[in-house]
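The structures considered in this document are given below.
Each of the two complexes below includes chain A, the first together with chain B, the second together with chain C.
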Partner chain A sequence: MTARRPLTALRSWRPFLGYAAGLVAGVAAWQLIGLNSASFVFVPLTTTLSSLGRLISGGTMPGALASSFSVYAAGEALAIVAGAAVGLLLARRPLLRTAFEPYLTALYAIPMVALIPFLLALVGLGFWPKVIVVWLFAFFPVEFSTQRGAQSISPELLDVARSYRTSERQTWRHVVIPYTLPYLMTGVRQALARGLVGMIAAEFFLSAGGLGSLLITQSEQFDTGGMLATTLVITLAGVILMAAGRAVERRFARWRVTS
Partner chain B sequence: MTQPADAPLIRVEKVTKKYGPRTVLSGVSFDVGPHEIVSVVGPSGCGKTTLLRCVAGLTEPSGGTVSIGGQTVTKPPEGVGVVFQHFGLFPWKTVSGNVAYGLTVRGTPRAAVTARVRDLIAMVGLEGFERSYPHQLSGGMQQRAGLARALAIEPRVLVMDEPFASLDAQTRDLLQLEMLRILDQRPAATLFVTHSIDEAVLMGDRIVVLTGHPGSVHDVVDVGIPRPRGREAADSDRFRIVRDYLWTVVMKGQGNDNSPGKPSEGTAD
Partner chain C sequence: MNALAPGRDTDTPGGPAGIGGSGPADRRRERGQVLAVRAAAGLGIVAAWQVCAMALAPHYIARPLGILAQVPAVLGNQSFWSAAGSTLLAVAEGLIIAVVIGTAAGLVMGRLRDVDRAMRLYVDSFYAMPLVALIPLLTVWFGYTSAARLVVVVIEAMLPVIFSVAEGGRSLPAEFTDVARAYRAPWWRVWAGIVLPASLPYLLGGIDLAIGRALVGAVVAEFIASLNGLGYYILFNVRSFAEDKAMVALVVLVMFALAVRGFVSLFVRRRLPWYRDEASR
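Moving on to the complex of A and B:
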């Protein structure tokens, strides 16, 4: 039995070893490709990290992050509130659903990037136009998921509520909203990812600060190290937001049957 | 309008229910006394659930009336507890939250709710599971919670739709007897829907036999076994007589020459 001990220990370390091996391989590949490329195409990781250091200490990166994520936060917050409200209303009010669902379906089908130049012409540059773009990217997944969830409440549970003479307001509070919350959170997880795409895209077009316009400036100046550093920061933000989204989703699905 | 104390509490009069062109229930009439348990038995699809939904005010009859305490039922009335076939517990609420539901939506003060929920959880034997979520409980325990929720509003009418049908045999036997004990302690006009003949006889003071297509009352049988009843009720001669009669009626259909005669009243014990 003692012979099995090291094996068990190895097994519990295995996922970690896997990550470490992957990381080492990635870093090595980056470094090697960088060393063997022309510097306006690709630079080694070490060069990228020193660029990142300069961007941070010079205040460029903190400024761009603050600018980007204030747009992102505002857009996401408004999209989640509006998506949840519209989704619940359309699910519970068949008349509204018949009237407005075709518009939503059509809008959801449009690639959002195609709307950005149009928005630019319509509302110009600045903070709010970019918030609108993030909103457009994030609203639909929330609305869609919320509505689909709220429409799938079992008729038996609604009968239970009715048999206890639950008022419409109390039915929302005790049945419709708690039931829909996990679906809403699935929409939120998707919206957090799509909103990030919207944020960068908006800053490409409506450039006035932020990570997207920093990327454009760096590419115009052939600052490959800076570009890679900025991309690294955006990737990191994406990874963190995905993890946060999944955590939130899990937290609200606690009561669901899990095995 | 006041009612004499022993007048039927639930009156079902010539109830007909149509879904589109299909008649599901046709001219169903019977009544239930204030302390009486009436079993409704019939094959699957004969309209038992539909009938129960009419009594609970969850759907309106196409013809005829249901009245409770002299009031015609058009929407879920006050004081009617419903126990659902698939328990109908809210999966996002704990056992306590589910049992408290009827009181909470009525606006009962919190302290009163807490005390009452504690009593009911003890009554159905769920102590220690107050904070569990339904999916963490066995089917039997879920239905105990469903029962406690229905009893929490101190119902004068209790309607149950095959409440033990999805439980294993042993749990079902146990819950049947516990249900009888509870209804002895705090009686209610009870409509007990089942597709099991044995269960109908064990639980009911009277039995309404439904036949299908469209669902109509084929017979109303007096069980004639006194309450309180225990396990020994199922071993009595009377139990066998009533059960055999029902089997003949339900399984062989009406008009069979070999069928035993309808058990008359007073042949009990």
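Moving on to the complex of A and C:
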């Protein structure tokens, strides 16, 4: 039976080897392709990392991150508040829902990037236009999820509340909001991802400052090392936000009422 | 209809209605009420838009009456349709390429755990990042050409397809492969006959996402690279203070998106009547 042990030991290493192989292959490919390409086409990983170091120490990257993050945070916060409010409102007031739901669904179908030129003409450049773009990207998933959640409250829960003569405000506090929170968090998770797309797209057009604008500048200067470094930072931001969104959604998923 | 008034039932074709009102005539009345409420709300929105635009905004801001006035001009314009066709073609081409490559990659990832683990880092990273951030890099590589737009569309569309198909492959019930093994089915039979059809619901979910993302990618690529297309048409007209025309193009863009998704769901209903949306569970 001792002959079995080496084999089982190897098998438990297999997942790690899988991940490691992928990482090593990627790093090797990056390095090799970079070394064999013209510097304005592709640069090796080492050059990318030194570009990143240069951007950070020179203050460019922290400045861009601060600008981007402030736009993103403002847009997301406003979108989540507005989306939750509208979603709850439409769920609890059937007349408003019947009246406005088709138009909201129609707006949801619009690719928001196509609205960016209109916004540019309407409100110009600067901080708030970018916030509006992020808001437009992030609002609809939050509204949709919240409304769907609040609409799915089973009538029995509301009947129990009513039989205890709960006021409207208490019904909201004790029934509607706790029930809807998991759905809201699903919407927030989607909004975090979409808002990031909006932020980058807005920064391409609506004034300097921010990671998207940095990318455009670097592309005009053919600073491919810098572009790859910036893309790496953006990817990291995306991964972190997606993980945060999933974590928040999971935390509140326990509150979901399953019939 | 009042059940207490005998004889009244005859003028409700299809069946009588109760006191509470759930017969066909009542349903028709309700539908009419819903339509009236929606039409009133829509009219209100449009009117508010028109009034606010006329009173507060500069003359070049889009407004409903202006948009309607420009519809014949835009739809009759040859260059508009060449732009629309350019975008449509790029998105369609990119979607087809993305679905083919994405399904293959997704199936491999879904069924071969080692490959899944090796590629997971890259698929997850690319899926989590805003892919529009790659567009400046792609314009350095491909120039301000439609090749850049096509690559953007392919990458944008491929990710959700890979993601969904891989998930489908991973969720394949073990009983299916057990039966195949019991019947000593060759590996290509298993893949083509079991894995692929079982992943179809996931694939279709991925395609639905891919259509939206592909459109976003195409539009942003056209913005940045000034390529002939609907996105650039919108940008150009807004910059030329012809926002009403740009709005007409936007509506066409949205209808195009809805049409493609409608086409996919029609295809599913016609060719795959056994399909049920299980992937959304």
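A few points about this structure:
Basically, the second predicted complex is superposed on the first by the 236 of 259 C-alpha atoms of A that agree within 3 Å, B and C clash if a C-alpha of one lies under 4 Å from a C-alpha of the other, contacts with A are read in each partner's own complex, and residues count from 1 in each chain.
The criterion applied here is as follows: contacts are C-beta pairs under 8 Å (C-beta built on N, C-alpha and C of every residue); 3 or more make two chains touch, one makes a residue touch a chain.
Computed from a predicted model, the values in this text were never measured in an experiment.
In the superposition on chain A, A:A64 makes contact with neither chain B nor chain C.
The partner of chain A that touches more of its residues, comparing chain B with chain C, is C. Of the two partner chains placed around the shared chain by superposition, neither chain B nor chain C is touched by A:I80. Of the two partner chains, chain B is the only one that A:R165 touches; chain C does not reach it. By the touch criterion defined above, A:F40 reaches chain C but does not reach chain B. Touching of chain A by both chain B and chain C, each in its own complex, is seen for no residue at all.
Against chain B, in their complex, chain A makes its touches with residues 156-157, 159-167, 170, 174-175, 178-179, 181, 254-258.
Those residues of chain A whose C-beta lies close enough to touch chain C in the complex are 14-15, 17-19, 21-23, 25-26, 40-41, 95, 98-100, 102-103, 106, 109-111, 113-118, 120-122, 193, 196-197, 199-201, 204-205, 211-212, 215-216, 218-219, 222, 224, 227-228, 230-231, 234-235, 237-239, 241-242. Listing the residues of chain B that touch chain A in their complex gives 53, 56-58, 76, 78, 80, 82, 84, 86, 88, 90-93, 101-102, 104-106, 133, 135, 153. Contact residues of chain C toward chain A in the complex are 34, 37-38, 40-42, 45, 57, 60-62, 113-114, 116-122, 124-137, 139-141, 212, 215-216, 219-220, 223-224, 231, 234-235, 238-239, 241, 243, 246-247, 250, 253-254, 257-258.
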